[in-house]
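Look at the two complexes coming up: subunit A is in both, with subunit B in one and subunit C in the other.
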Partner chain A sequence: MKKRMQSLQYQWFLLPILTVYSIFTVYPLLKSFVLSMTDFNGISKQYNFVGLANYGRLFRDQTIISGVSFTLSYAIATTLIITLLAIPLALILDNKFFTRNLHRAIFFFPSIPSGLLLAYVWGFILSPISSGVLNKILKSTFGLSTQPWLSDPMLAKISVIMVAVWAAVGWHAILYLAFLQGISKDYYEAAAIDGATRLKQIRHITLPLLAPAMTVSVMLLLTGGLKVFEIPFALTKGGPGFETYTITQVIVMRGVNEGQYGLASAMAIVFFLIVLALTYFQVTVMQKREERIQ
Partner chain B sequence: MEINKRRWLMDIIMLPIGLLTFFPFYLIIVNTFKTQAETARNPISWPKTFYLDNYSYVFREVPLLHAMMNTTVITAISVGTMVIFGAMAAYPIVFNPGKTNKLIMTYLMAGFLIPFQTTLIPLFELMTDFRLIDRLYGLVLVYSGGSVFVFFLMMGYMKTIPKELPEAAIIDGCGTSGIFWKIIFPLLKPITVTAIIYQTMWIWNDFLAPMLFLNSSNNMTLILQVYRAKGEFSVNWPLFMTLTVIVLIPIFIFFILMQKQIVKGIVGGAVKG
Partner chain C sequence: MKKIMSMLIIVLSMVMLVAACSSNSGNNGNNGSSPAETKKPGESEEGGVELAPTTISFLSWNSEQQMKPVLDGFKAQYPQIKIDFQHSPPVQEYNSKLQTMLLTDSATDVFIVSSEMRRQIMNEGYAMDLKDQPFTKVLPPPALKINTDLDGNLIAFSQSSWIAGVYYNKALFKQVGIEEYPDSWEKFVSAALKFKEAGITPFYVNVQDLPSVLTGLVGLETIQQDSDYDKKLFAGEKRFADGWVKPLQKVNELVEKGIITKDTLGLQEDQMAAEFIAGSVAMFASGSWQASAIEAGNPELEFEMKPYYGDEPGSYYYAGNINTGFAINAKTKNKEAALAFFNYLSTSEGLQKFEEGTKTIVTAEGYKPDVHPALAEAYEKGLIAGKIYLPMAYWQRHAEAIRAHTVASVQNMIFGKLTPEQVAEEMDAKLAELDKK
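For the complex of A and B:
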């Protein structure tokens, strides 16, 4: 009895988190499921059960198809490019050189402020008008004509992805760097005695030992990439047309702005499933990879 | 000598890449001291004169101090709530283990997999029904669901605290509640710092939730003011850059003071993630 009382005294501590989490996360999730199968419009209190009709409509809505396709390409492209740049960057920043700390700070800093703010600044650099810095530089050094960085469908996608890479690559380099610093120097000394070149050491010691860091970094990049909103929103507002539209933007516009709650909720649920499936798949595959190479 | 040469080589290789990465910040700063006409002509060059009217204009036209107050209040209360709720929740999970608490832990951890975007529409409805739209504390409530991340960090750290510690305190006549507040919570300081840094960066910079749940100018956060100003200043880039510099200053100070802690946080979060 006394033991039981004591146990209950502990359980009170769970009350605050269970309350806020259930009301502000779990309940809305379940409600999304329900709404996705209705024709609720946010205004009339009456609504009908429509089964999976909203899910079918997702595939016929050109804006939504655009949004999903750009979001997926963005998530995959940023993950690949950032990973390919962050690892060599981390290897370099792990060396001793005079401006090392300065460089670490320079690469790291862009990941600290809001993406919205920084993307607006990039809007200035990529602007087609006379103050557009990039066009100005390209014109004066290479004699190139004005490029529509943000209004050509392909260039707009590339620009959005490049700005995202600039903003996040340092953060991920710092993550890899932290793991690099945990690698014992003994491995390298032993390899050097065996006559392994620096390149071979990186290939056979460093990269395998970075596998756990890679699993985490890629997971953060993929999930963060799927949730992308601010950078394309600030750079292109989703344009030209709907070329750089994102899933988040679809949910906000179709749901909150247009009151198509059923359709937007169906999008939200599909999004949830995409995030779930990709995260599960990626983590499983990469953890297997960790086991294999270590 | 040989090593010194290699050192310089790295500096020389990295210099252009570093400059390129830093270049946008250079542009932000130099263009705050130009007129619109000068920026249009020479966006890249060093300013001819140190023209300061942009600063006085931005300070006059944008209620930045008020927005900073709003952002600080929202961030401080949200982060405080998350840290306390998260730490409290970890306490029974770690020190009173059992089947029920294992289940509760799984229930809370599922929160990691639920994107904000999926809950956004019902959340908007909920907030409207409870008249919490355009209320600072409404936004704080929305953020408080983020306690699960803090809970996760706290739980990992709390497991390293020896079980004998609270047991000894019980013998000394300390209650369950007293043990937590007087003994356990103070021991969580290192992980609390990590959690505060993480959550502060998230909420301070967040755009989506404030955009959805705040709308009057009086309640706007810094980022919302940036968003609004971008619409108002349109292509008056010197004014926008000036606003950017002002908004970046507190973030820069935070970065300089906290760089080591942020890095530690990334590593701590990553190792556990």
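For the complex of A and C:
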């Protein structure tokens, strides 16, 4: 009886946040699904039901296809690079040295200001003309010629990924650092007694025991990478041409700017399903790996 | 006891949170006047003292700093009318915000009608008809025409215009030995090449929006010959390919000759302006909004705005348009106060303060604007003579969608992915796609 009372108490306590969540997340999702089957244009209160016509149009739209291809390469590239950089960084920050806390703060800092702000500043640094900050530094230090960072299609993509990596590496390093604290020192001692070098210790103790952290970090990076909007938009506005358009930008363009809310909602629903499937797949695979290691 | 106390604290903080949020939303939007306030019927717009105290909400295209002179002047004349000032920066952010507000019936009493939203606002009847108001007498015919919908309702009050052409650095021209600004397309191209040889950046134009060189050339090559081109275009009698290919080819010529470089793809207009101010660019295609900024950045720079010249020496056109207009929400509860505000805007003091704050060119009957010396020629030969063109102002449907897509297509042309003919084809395809839905 007391247990039932307790669980009822918990449920009542969760009611407010459940209401907020439903209003701000579940309801808009359902409404989007309904709107995806209409020709709502964002300005008029009248609209008609068009069935699945919007879904059919999705696969014929050029900008969507180029948006998907860049978003995928962005998500995969940032996930890979950030993971490869964050783990060594976490290991370094785990050591005891004099300015350890200061360094932790410095690396964590880029994740605090809004991505939009960071991207605007980087936009100035990466200015493609000779008076741009990065170009000036490269010229005076290495004698390199002016690089068209944000105007050349390939360099623009690389610049966007570079800025995104810079912004997120510190945060994920701190995440790994937190998990590192949970690894018992006994393992290292035992390994040291057996004569294992530092590198061997990292390879056979640290990395496997970081598996749960990797699951979380990779999931966040993948979903964040697929949903990205601010950094590419603020750096290049999707340009040059359509080269750095992301899926979210296409949805916003089609929906808000062009008033094709029906089509944009259809896009959003399909996108939601894709991210859902990918995340489920990724988490399942990595959790199995976790279990194997443990 | 502890449990009860902690429960109480949690409930109290939640209540405070909800109260804070609701009082916030109470201040925004257009429910500023309480229902208890009465307004005397049939109030005249003059004699501010007779109007009951109220608050009107205003969504502005210009920043608070730019509107300050107007707001202060209005407050001095009508101290009992408070203005709840809201702002969203142009263009896309402003349009998105206004769209959301209109759709949810939470639009401000007064808002700005942008070129992209004008058609939709007309079609849906979101703005109050102003045609019988006394202050419309200061509007010149083009401002009346552009803001009048198909039923003859005047939906906005536009007291200013903007014009865009080529700012040129007089000192740099003298340096390479060019005495007079080139008055034909051919001369313009050879002047640019001369600058290139001398190692000076010849020409910058903002390609993050429709380049003004392109729209000016469309005005010159197409609109000058056929002022009904856009009407025919949207009636299906003409295509973008008919009027835009030649201007696109001219712009492409600049790209092929290295006069418009790929750098421009990664630059914002402010960065280009900074380069012009620093004296490293010979010609900068931009608009009247930059004139005072350029002067402030470098008071010693001698510069002037010139038009886009065509193949025939002396034939010219500018890009430009009647500026965004002030509109009154058709559903406003503060009609008299809003009209009083518009009345103030139409007085010579209101016009002068608007000019002072926003630095736009006021085009109103009976008012001589204080035009920046660099814009004097553009004002006479462009605005007054009516040789200005902005495509979006005349596109009857899907203006923003076609504009956004064309910006990307032109960028594709600049880095060589598309030909001028293909850009025009894409514009036609986009219009067809949007019309089909």
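Methods note: the second predicted complex is superposed on the first by the 260 of 294 C-alpha atoms of A that agree within 3 Å, B and C clash if a C-alpha of one lies under 4 Å from a C-alpha of the other, contacts with A are read in each partner's own complex, and residues count from 1 in each chain.
One rule holds for everything that comes next: a contact is a pair of C-beta atoms (placed from the backbone, for glycine too) under 8 Å apart; a residue touches a chain by one contact, two chains touch by 3 or more.
Fair warning: this is a prediction, and the values are worked out from it, not measured in the lab.
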> Putting subunit B and subunit C on the same copy of subunit A, do they fit or clash?
Replying inline: clash
> Given the touch rule stated above, what does A:42 touch, subunit B (first), subunit C (second), both, or neither?
Replying inline: both
>> So in the superposed three-chain picture, is A:259 touching just subunit B, just subunit C, both, or none of them (first/second/both/neither)?
In response: second
> Which touches a greater number of subunit A residues, subunit B or subunit C?
Replying inline: B
> After lining up the shared chain so the two structures overlap, which partner does A:84 touch, if you call subunit B first and subunit C second: first, second, both or neither?
Replying inline: neither
>> With both complexes overlaid on chain A, does A:150 touch subunit B (first), subunit C (second), both or neither?
In response: second
>> Quick check for you: in the superposed arrangement, does A:92 touch first (subunit B), second (subunit C), both or neither?
In response: first
> Which partner does A:238 contact after superposing on A: first (subunit B), second (subunit C), both, neither?
Replying inline: second
> With the two structures laid over each other on chain A, which partner does A:192 touch: subunit B (first), subunit C (second), both, or neither?
Replying inline: neither
>> With both complexes overlaid on chain A, does A:129 touch subunit B (first), subunit C (second), both or neither?
In response: both
> Where does subunit C run into subunit B after the fit on chain A, at 98-106, 134-142, 152-160 or 260-268?
Replying inline: 98-106
> Do subunit B and subunit C touch any of the same residues on subunit A, and if so, which?
Replying inline: 16, 42, 124, 127, 129, 131, 256
>> Per the contact definition, I'd like the list of subunit C residues that touch subunit A in the complex.
In response: 14, 92, 95-96, 99, 102-103, 120, 123-124, 208, 262-268, 271, 275, 278, 280, 398, 400-401, 404, 408-409, 411-412, 414-415, 417, 434, 437
> Once bound in the complex, which stretches of subunit A touch subunit B?
Replying inline: 6-7, 9-11, 13-14, 16-18, 20-21, 23-29, 31-32, 35, 42, 92, 95-100, 102-103, 105-110, 112-118, 120-122, 124-125, 127, 129-133, 136-137, 166, 170-171, 174-175, 178-179, 213, 216-217, 219-220, 223, 226-227, 229-230, 234, 247-248, 251-252, 255-256, 261, 264-265, 268-269, 271-272, 275-276, 279
> Considering the complex alone, what residue numbers of subunit B touch subunit A?
Replying inline: 7-8, 10-11, 13-15, 18, 21-22, 24-25, 27-28, 31, 39-41, 43-44, 84-86, 88-89, 91-93, 95-96, 98, 101, 104, 107-108, 111, 113-126, 141-142, 144-145, 147-148, 151, 175-177, 180, 201, 204-208, 212, 223, 226-227, 230, 235, 237, 240-241, 244, 247-248, 251-252, 254-255, 259, 262-263, 266-267, 270, 273
> Tell me, which parts of subunit A touch subunit C in their complex?
Replying inline: 16, 39, 42-45, 63, 123-124, 126-129, 131, 148-153, 156, 236-242, 253, 256-260, 262-263
